[in-house]
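Letters are used for the chains, namely A, B, C and D, taken in the order the chains are written, and counting of residues starts over at 1 for each.
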Amino acid sequence: MIKVSVVGAKGRMGSHVVDAVNNAADTELALALDAGDDLTQITPGNTDVVVEFTVPSVSLDNVLALVAQGVDVVVGTTGWTDEKLDQVRAALAAAPREGQSVFIAPNFAISAVLADYFAKVAAPYFESAEVIELHHPNKVDAPSGTAFHTAQGIAAARKAAGLGPVPDATETDGGSRGQVVDGIHVHAVRLRGLNAHEEALFGNDGEQLTIRADSFDRISFMPGVLLAVRKVSTGAYPGVTVGLDNFLDL
Amino acid sequence: MIKVSVVGAKGRMGSHVVDAVNNAADTELALALDAGDDLTQITPGNTDVVVEFTVPSVSLDNVLALVAQGVDVVVGTTGWTDEKLDQVRAALAAAPREGQSVFIAPNFAISAVLADYFAKVAAPYFESAEVIELHHPNKVDAPSGTAFHTAQGIAAARKAAGLGPVPDATETDGGSRGQVVDGIHVHAVRLRGLNAHEEALFGNDGEQLTIRADSFDRISFMPGVLLAVRKVSTGAYPGVTVGLDNFLDL
Amino acid sequence: MIKVSVVGAKGRMGSHVVDAVNNAADTELALALDAGDDLTQITPGNTDVVVEFTVPSVSLDNVLALVAQGVDVVVGTTGWTDEKLDQVRAALAAAPREGQSVFIAPNFAISAVLADYFAKVAAPYFESAEVIELHHPNKVDAPSGTAFHTAQGIAAARKAAGLGPVPDATETDGGSRGQVVDGIHVHAVRLRGLNAHEEALFGNDGEQLTIRADSFDRISFMPGVLLAVRKVSTGAYPGVTVGLDNFLDL
Amino acid sequence: MIKVSVVGAKGRMGSHVVDAVNNAADTELALALDAGDDLTQITPGNTDVVVEFTVPSVSLDNVLALVAQGVDVVVGTTGWTDEKLDQVRAALAAAPREGQSVFIAPNFAISAVLADYFAKVAAPYFESAEVIELHHPNKVDAPSGTAFHTAQGIAAARKAAGLGPVPDATETDGGSRGQVVDGIHVHAVRLRGLNAHEEALFGNDGEQLTIRADSFDRISFMPGVLLAVRKVSTGAYPGVTVGLDNFLDL
């Protein structure tokens, strides 16, 4: 049984994590803390892994404190910069327990992480590639960070394989061809009813490959969170690890 | 048996029409003519309906000559303007046979014609709507005329129903949101391996409707051509008719 | 302002209806009643339309009582038989107000209702047609009633148009070709993460038409409920009306 | 420049291979032979790699003869059994040149090979998985060999990861749930207009991953054929190699 404490337990994500930890056969909930609660209650004695889902303004301090208390941390809060990561690395170097881990993921949805990876693997084998992302209309940025990242990965994989630019005879266009990210066209759809969806399309003469990831609900992040908890609890990932793909057998 | 003559019989479309006429149970091929052949061979005695698939520069003259010879014409050649249509109407008024027909269609693909129609019918019932078209990368214009037309139809149907603009909170975008046609976002994908494809997406809270038409090959126009031949041969459509939707039971 | 009372207001659907009535610009909540509450509180004085979302075992009695009190009713509860409908018709004949309405819908999702309608319209124009429905894996029946209904509608439309059986050269199959409903193959997918989804696929040589309806969440029924409330409140639908398609401009 | 001879050069596949070899920048056509032509014209002096696309009844003899003449062979003909492969291995052991290669692929479509591979990689991370294949209605077997193979791969990957059966509460079904291959449901659609298409669907709570491969035309096999020619010509694959996945960087 892996003992898991949750920081940010009353938040939108944290409350799902509490449920997921309670429902999984190999995890049990230790402490469920939220803003205002005393983090020093969390110790190696009662907790194997902490899941931290709060807000960027407090996450770094939370993680530094938890590292100093000797526990491993899985972080779902966004907003991590290289400078912040360096502070965490320094804290880990001075941590009380040897081989302590901090794991940070920009995206815990396994379907999205796999789609991003598959797009990179497929890219060298196709003449054409484009990315379409579809989200709810309340999203303020376009395209999504995930789609941007996927397009960059496709472009890098094409370049590494010696591929030239994608074929495109377009002469007249009023903007319908979308945004070009490192040579890859990216399209963003905003539609009421959707949540977060991404398609990578690849084409050769006579064939197409489509990889699509749909996230209908934030509960989709829970298998990724539990996977990270299990991996971190093994002690096999000392230091800072970024990205769920490190825990998938790819 | 409907006796069909084909003008432009050696062209990419015309050769398919010859095959289609030969294969259908209720049509038979009368004359198959191409550039240089004498159109006056085609008479009401040997031909019920002529299918004309040539090029814009000769199509008007062909149609005027055929009308003067007393036969009905189904036209697949593009490039028709209001002025040209008026010339055909004048020719029909002076035609030898009463109730002669000329039928002209910008698109003979039944799937595309139905998708365009369904999009207009669905539009008033959804908060969001966007259009994605996908074509081969040799296409020089973007978006496709069909997608442009579909977006216009959606916009008009929304307006008639009293709907306001589609919801969109986008603040930062580098072009990924596509081209806006009468308030409807249109995206154009260019991918090797594709031919001509269109999706109309509609969304409300918790639901989505998607209408997609795929044309994999120009043979997809043949059911539409045969439908037009059958309808015109009934004599029920005197004068000029434009658009295959007139022959569908919508 | 249309005054709406909700019966079954604490249920999964009813609570959404309360929110929808509160949020719409042209409706206001009158009474929100649930099991054990006194239905006689609802009168023509305080309520224009009642929305009834309860369970089959009590719905008929609720509707009969509400009709006797002189109010119009929109019913989302399932389980209606011809016999039950006759009882409602009899109650309406003896109702205190002239022209009272009861509206009953098996499905309030506009996307599903439109998809079902479009499938019937498209069916005569394609050589092939199949239906795929996809649902969450807790569903006990397969295929869904909606998919069964769509297949029946396609089959009837093909028959009316004089089409023969769909082409199918299959000689060896271990069950992958699915269930045959009136000659139309229906496939049911069960996948964790999905809710209720349906695709109707149509094909001719070189072309495909796909109509897909996705219901991600029961909130997707609210636009249909509000539409029914608005239509019923006009007084233009006296008697019993079954099916949301009666209120769409099709 | 890789010198390529084609055996079966007038066949449906072979004629595409001749064009592909002529069009690629790094290959040139040596000899184009068909039924009745003398295979002994093909020698290490004029040919680096032979592409053999004929029929199962003559393919083994062709390959044995070509091996004896000292050339490498890429085989697209189907119908290979373990016994036939052993005969090729014996021929290679007695071949005139050291390190000679014979490469055989059941499927040269890169999109299909990648989809099959991605499905195996993704399978351990999802609670649910199903396979849908869609083909033209003249196909006599259902499901396709490719879909069967994909389902087997998914099942094996799930088993290796310790996953139990997919969730499925279905109690009543008339066949819509499809064929069960090693515990994975497989659905086969037959639709006029389609060629060969396959979807692998994966689901967790709140998320879905879809991998789709479309083969619109047999020209889609050419990139795979050229890839095999290039790989074999390096001399790095002595002996018999089966499956295009061996040449992809997976």
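Please note the rule applied: a contact is a pair of C-beta atoms (placed from the backbone, for glycine too) under 8 Å apart; a residue touches a chain by one contact, two chains touch by 3 or more.
Chain labels with UniProt names: A, B, C, D = 4-hydroxy-tetrahydrodipicolinate reductase.
For clarity, every value in this text was computed on a predicted model and none was experimentally measured.
A.B. asks: Select the chain at the greatest separation from chain B, using centres from the mean of Cα atoms.
C.D. replies: A
A.B. asks: Mind checking the centre-to-centre distance between chain A and chain B? Centres are C-alpha means, answer in whole Å.
C.D. replies: Result: the chain centres lie 46 Å from each other.
A.B. asks: Please work out the Cα centroid separation of chain A and chain C, and write it as a whole number of Å.
C.D. replies: 39
A.B. asks: Find the geometric centre of each of chain B and chain C from their Cα atoms only, then give the gap between the two centres in Å, rounded to an integer.
C.D. replies: Chain B and chain C have C-alpha centres separated by 34 Å.
A.B. asks: Which chain B residues reach two or more other chains?
C.D. replies: In chain B, 126, 193, 202, 204-208, 214, 216, 220 touch at least two other chains.
A.B. asks: Is the chain-to-chain touch network here best called a line, a ring, a star, complete, or other?
C.D. replies: complete
A.B. asks: Under the stated contact criterion, what part of chain B meets chain A in this complex?
C.D. replies: It comes out as residues 126-130, 132-134, 137-143, 147, 166-180, 185-194, 201-208.
A.B. asks: For the complex, give me every residue of chain C touching chain B.
C.D. replies: 109-112, 114-115, 118, 121-122, 124-126, 202, 204-223, 227, 248-250
A.B. asks: Applying the document's contact rule, which stretches of chain D touch chain B when the two form their complex?
C.D. replies: The contact residues of chain D facing chain B are 193, 195, 214, 216, 220.
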